[in-house]
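In the two assemblies presented below, chain A is common to both, partnered first by chain B and then by chain C.
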Partner chain A sequence: MQRIQSRIGLAWVVTSLLLAAACGPALAETPTHGGILTFVVPAEPPSFDGHRETTFALIHPIAPFYSVLIRVNPDNPGSPTDFVGDLALEVPEPTDNGTTYTFKLRQNATFADGQRVTADDVVATFNKIIFPPAGVASARRAFFSMVDTFYASDAFTVVFKLHHPSAAFIPALASPFNFIYSAKQLAQDMRWYEHQVLGSGPFIFTEHQPGAFITGRRHPNYHHAGQPYLDGFRAIFAKKQSLRVQAIRGGRAMIEFRGFPPKSRQDLVRALGEAITVQESDWNCVLLVTPNHLVPPFDDARVRRALSLAIDRWGGSTYLSKIAVVKTVGGVVFPGHPLAASADELREIAGYWEDLEASRIEARRLLQQAGVPEGFRFKLHNRGVDQPYKIVGTWLIDQWRHIGLNAEQWVQPTGPFFQTLRSQSKRFAVSMDFNCQAVVNPLLDVSKFVSNDRSGINYANYQDRVLDDLFDRMNRTPDTAEQRRLMRRFEKRALDEQAHMLVTLWWYRIIPHRSNVRGWTISPSHYLNQDLSTVWLAP
Partner chain B sequence: MTASEPPVQVAREATSGALTGVRLGRAALSWVRQKPLGAAGAVIVLGMLLVALLAPVIAPYDPVRNAFDRMHVPPSTAHWFGTDQFGRDVLSRLVYGARTAMLVGLVASFIGASLGLMLGVASAYFGGRFDLFFQRLMDIFMAFPLIIMALAIVSIFGTGAHNVIVAITVPFIPRCARVVRSSALAVRELPYIDAARACGFSHARIMLHHVAPNVMAPYLIMLTAFLGQAILLEASLSYLGLGVQEPTPAWGLMLQGGAEEYAESAPWMAIFPGLAITVSVFAFNLFGDAVRDTLDPRLRSTG
Partner chain C sequence: MTRYIGKRLLLMIPTLLGAAVFVFLLMRLIPGDVCELRLAGEGAYADEKAIQLCREQAGLTKSLPRQFLDWIWGMVRGDFGVSMWTGRPIIYEIGLRFQLSLQVAIMATMTAILLAIPLGTLSAINQDTWIDYGVRAFSIAGLAMPSFWLGILIILALLIGTQALWGTPWMPPIQYTPIWEDPVANLSQLVWPALATGYRYSAVAARMTRSALLEVLQEDYIRTARAKGLVEHLIINRHALKNALLPVVTVIGIEFAFLIGGLVVTEQVFNLNGLGKLFVESVGNHDYTLTQSLVMLVALVFIMTNFIIDLIYAWIDPRIRYR
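Now for the complex of A and B:
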């Protein structure tokens, strides 16, 4: 793991130097206070509870209202190893052979209603995340399988004890979804935060008009001195991509934090010239096809494998990247990471074969063997977001036609889409899903694929103890070579032998924004660095 | 004809049939002369129907098959109306889109108007508290604009062609029922209705055989008026992402997403579906107006 981290660190140093060279003049500037940041968001949050949700639709408008215990360095958000304290004063070194972490909290942090943030709030928050009571959803529960116990040793100190040393613990803790909630509110109602907002972040919630916007104003007693720089922000919901592009072009919004396809970047740059700045990055985000294992014939691994074999991923990478925010062919791990499969290793997996024709012949054979008739009809459940969901959905339907399957797209807005996904029922046959993670941390990022009674975000409704075991072994071994070997076995089982879920293409992030927006740096995740505490507007 | 029928009678019937055909032809010609715009609308509507029926023969390409080696090809001899971002032929999608438009338009209009006819006739015929209650219910439905009501229904039932038909049908019902009821109220007071009652006919028989046939004029007027509206509504819902979904060819859907994004660099993606919607709605409205002028005695010219 250390070797991996050092390689990532080296890559990061190089990237940082390049970024620093590119942004040198901007970095040298002194931030100024004032102004309202307007930004567009492609979807509305399904709820306000960060512990339950996994979507940018929550992070972008809601994260500015919350603090977290630790976070990625806002000046260096692309690094998978550079973490700093938020409510914690610093990121502590572990003790007891790497099994104990003691976090000292700031004593000047307050919630928006004036109560002081104490260790009790942190403990109550992580109790909800790691050991949620029945009926309370926690999307990142599986990230903390190494945690044994945690407690408040005094009003401003929290101690975490681990079962075993784990390099994945600190990145898991730094997830931007781990909003610190008020212990008092959680004691009254564990689900209060699904519909209410009360945090200790840089901004205070002021208004939510469903379908229109969410606004926030500056937290006057924010615990990071001098921040935030903005007086407030307005997050405007705009489902249609063309509308969001036009909003930036027309000056109604300054930025969209998720990402635009290449065409929109070209249009904005052509129209606005120097008034637009473009930041680009690989994206720790991938669309998955999720066959519902409760619904025949998708309970049959042969059928799921056939779905994967039909997809021309290598070709799709070339042409879809021209019209959508997807680009890179990869397996379960963020491409380019030392734990990711090489192109040769990928070609060994069903659906990544070099010979597409042979792949589709095999797919037809498997369907025939499974008794699926030619022209079999089913619905592809999809999210009502253009980029890249509907585009990739349309592409997949065409791919499956090549093996005699007729899929029809069934699109739902974000809220109902997640309700359907989480229903643990036969309400969908095959659905689009995604695995977008914050900090690049493949050992935990692949928790999406472990059994649904362990992972809070596996919506394919299966249990696979072999995968679970591989996952546990990967996370326990400190040997990077062994981690890589186990990851290949995990990948082969998840994507090929069982084809539990199908990985499509990894995303590529392009953010064209108004040049007066400063203090925000792109990262490989559209979840990171979104509390807006460091953002300022140049006059 | 049977062997026992006298030849004179057979000849008379044949002459009578020919005369009817001639009369119809003359009437049609006269209608075309009196309502040239309506006739033009009818021709376009007929053309659309033919295109929809013969789509597999007319369309040069598979409308849903992706062809990424032909993305954003401008109009040319190979692709008269160009291609979209998936390399699909725009003309072929327009041709198949006519099917979606006509299917949704015809089915929603017919069911909406027919249910409105039945409910309007029943409301007028029974009168009293039933009429009072029913009309207030209609008032509630009519308080919502067409598109708002359709949006609400799609939100409840979800997207897809069948749900779009339901969403368009429901708001049409009260509109037709209200118009038909006003005509049926007058019919209800006519002596032959009393005579039918005196003969002991059932309510259903009186309504179906004696009232409904006499309110067919407003029914047909509403039906033709609904056709254009239904096509426009379907296009609107699809444009908003609430109607039929990709890759189904539908005109409103073709205007959504890619057409907006590539409006500057590939304008053909927006122009041709836009034209198709405009021309079809215009044609249906022209045809509907002409039908109304012909069937409504107050608007009929004395010639």
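Now for the complex of A and C:
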């Protein structure tokens, strides 16, 4: 165990050094004030309410208008464990055996209309998120199941009391969707924020033209001294990927924050040379294969195991990363996180073996044992999105052909795709699925694998109380070594012994942007580090 | 004539009602709904209670006949309701995009007319010559090439060409500026999609002009005009072309109506915030109210365009009289 931890530690040091080397020149520069950042966003937010929505289309144009209580460190967003205060002065250490967190707030923060941000605003906000009244939707309510109560102990202090110690609390609190709203506005109309913007972030909302753009200007009294550096920003909605790439090439936009496939990176670098800077990172999104446990023969663990054993993840990483936004081989936890499996640990899981030939021989044996005939046909249900769903789906069909399975891709648009997944019926046999999260918070992120009567996002239709128990135990222990041990056990059961779901490859984020955009550092999620407070434009 | 106009206007009602029933039922056949898509569409956990609440707020829990009657009654009163996806008034959503779509449709139609009628005429009066072959090749290429693909080629050509010439790539603006605010910015964005769609549109109209004119040029009255020594350009312009334009006007009218809401892919290629893009997004979002209103708008545009074409017939060909 010690050896594994020291390896992880070494990996972190190396990564940090590489990042520091890459960012060295930028860090040495003094940010300059002024300029308008123009960026493209692939979709438009359905509403402006961060508590209700789940899409990056809300975060990219709207997050710059809001502050949050705590956030990932904007100077080190690549780290999954580095959190700093935003409205809070700092991230507090828990007291009362890990069940009480006391947040001291900055006293200089103001909303765009001049009101001061106080503890009442923070309490009203989290009341809306954690205990929403009837008629108000809250997308992240389930992340705060450990929270018992919270209250303002004075005008600038908020206290959270938990039912039990939880390592998942701070990452859940740091979600970029937890915009702090004005208590006064919420008291007047709990749904006011669906169509209005009033925050205490680095920018003040100026205009929204539906279907076209959202603009903001600098908040002159922003609570982080000297920031933001930009005079304003313009977020232009552009649905077509090729157009977004061309917009950066043709100077109509400087950056797109979601991510482009490798081909677009090459095109931009080839066309613009040094005028383009590329930032890359592992992405806290993973593509999964979900066998439906209600549909034979996928109710048989041997068959599911065979599906996993057929997949050449190590080879696929090399080939697919040239054409799709996937790259990293990993287990249930975001690769690079202290709770993630090392390469050696992964190689002990079915489907991650070094000897692919042996893996596929074992897969054929299992299929034979389960009575699955050679050439067995089934449909792979997939989402009608090229990157990376259809590309990886096509690759999987070829992988399964190697063990005598004959899969056919059944593609549906996003709406019907999710309706089929959520139907809890036999409407699909095997489906592509994904797990995409904002803050890297493995203890909660793996909730997708717990029984479907406990997890609202487990579409494989199974109950596994052993997994549930492991999940509960690792969420309640404050001991990180114990968490890691339980996570390995959880992973082994979910991916190998029961092969409830199959992890394919983790996504890989590629952001090519105009080189004059400075102060923005890529993070493992397209939801994080998007308030633009540190971004500046080089002359 | 007045009686004819009144009758045609009355006939619009059952046509629009038929379109309303059709789109209403068709939208509800698509699996999933706006609430499910909005709250769980990104794969996030969504509480069933929250989804149910959203459905109640959007009126989706009412019976289908009740939903239909509510919608129709709203339209009769001029209340199109609010978008289920954004919550904004539908009139506002459509009004914002209509201006752009109308301008592109007008510019594309002008491009098509300016290209199609002279080229079709030239081709017909020079039948089976190199001019005819050239025009036919030009129009067949226009028919074969989807306008969105031509749009992509135009953008790439502009990027590569300007970089080769001036060292800095240039592409058309990707956000709309109204023509009265900044005509240069407006035209530098819209001229390219107008060219891309106008070219395909002109190809259809040029072929129609050519074949109609060839047919008219075989008529007895043209032979008579030539026999009495009338100069050729008067024969073509005054006697032949005017009569040959009837089918061309029909094609131009129908294409114009199509352009109002049908530039689905071209609008995305040029990032135009028009009705076509709104159409695709509203269907993708299962936004029933907005999709239904858009279909009704397009149906109305088609019906009105056909009606106007019928009236233009009488003006072009005085032999046509309506009862």
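Rule of thumb we're sticking to: the second predicted complex is superposed on the first by the 318 of 539 C-alpha atoms of A that agree within 3 Å, B and C clash if a C-alpha of one lies under 4 Å from a C-alpha of the other, contacts with A are read in each partner's own complex, and residues count from 1 in each chain.
Heads up, the rule we're going with is that contacts are C-beta pairs under 8 Å (C-beta built on N, C-alpha and C of every residue); 3 or more make two chains touch, one makes a residue touch a chain.
Here the structure is a predicted model, which means the values were calculated and not measured.
Contact with chain B, but none with chain C, is seen for A:Lys322 once the two complexes are overlaid on the shared chain. Within the superposed three-chain model, A:Glu354 lies out of touch with both chain B and chain C [touch as defined at top].
In the superposed model, A:Thr394 makes contact with chain B only, not with chain C. In the superposition on chain A, A:Gln419 makes contact with chain C only, not with chain B. In the superposition on chain A, contact of A:Gly135 is made with chain C only, not with chain B.
In the superposition on chain A, A:Val411 makes contact with chain B only, while chain C stays out of contact range.
When both complexes are overlaid on chain A, the residue A:Ser242 reaches chain B and chain C alike. Shared-chain residue A:Phe213: touches chain C; no touch with chain B. The contact surfaces that chain B and chain C form on chain A in the two complexes overlap at residues 239-240, 242, 412.
For chain A in complex with chain C, the touching residues are 40, 44, 46-47, 54-55, 134-135, 137-139, 141-142, 194-195, 209-213, 236-240, 242-243, 246-247, 249-253, 271-272, 412-416, 418-420, 422, 433-436, 455-457. For chain C in complex with chain A, the touching residues are 30-33, 36-47, 50, 53-54, 57, 85-88, 92-93, 96-97, 152, 155-156, 158-159, 163, 168-171, 173-176, 268-271, 273, 277-278, 281, 284-286. Across the complex, chain B is touched by residues 239-242, 245, 261, 263-264, 267, 315, 318-319, 322-323, 382, 384, 386, 390-391, 393-395, 397-398, 401, 408-412 of chain A. Put simply, chain B touches chain A in their complex at residues 64-66, 68, 71, 85-86, 158-160, 241, 245-248, 256-258, 260-265.
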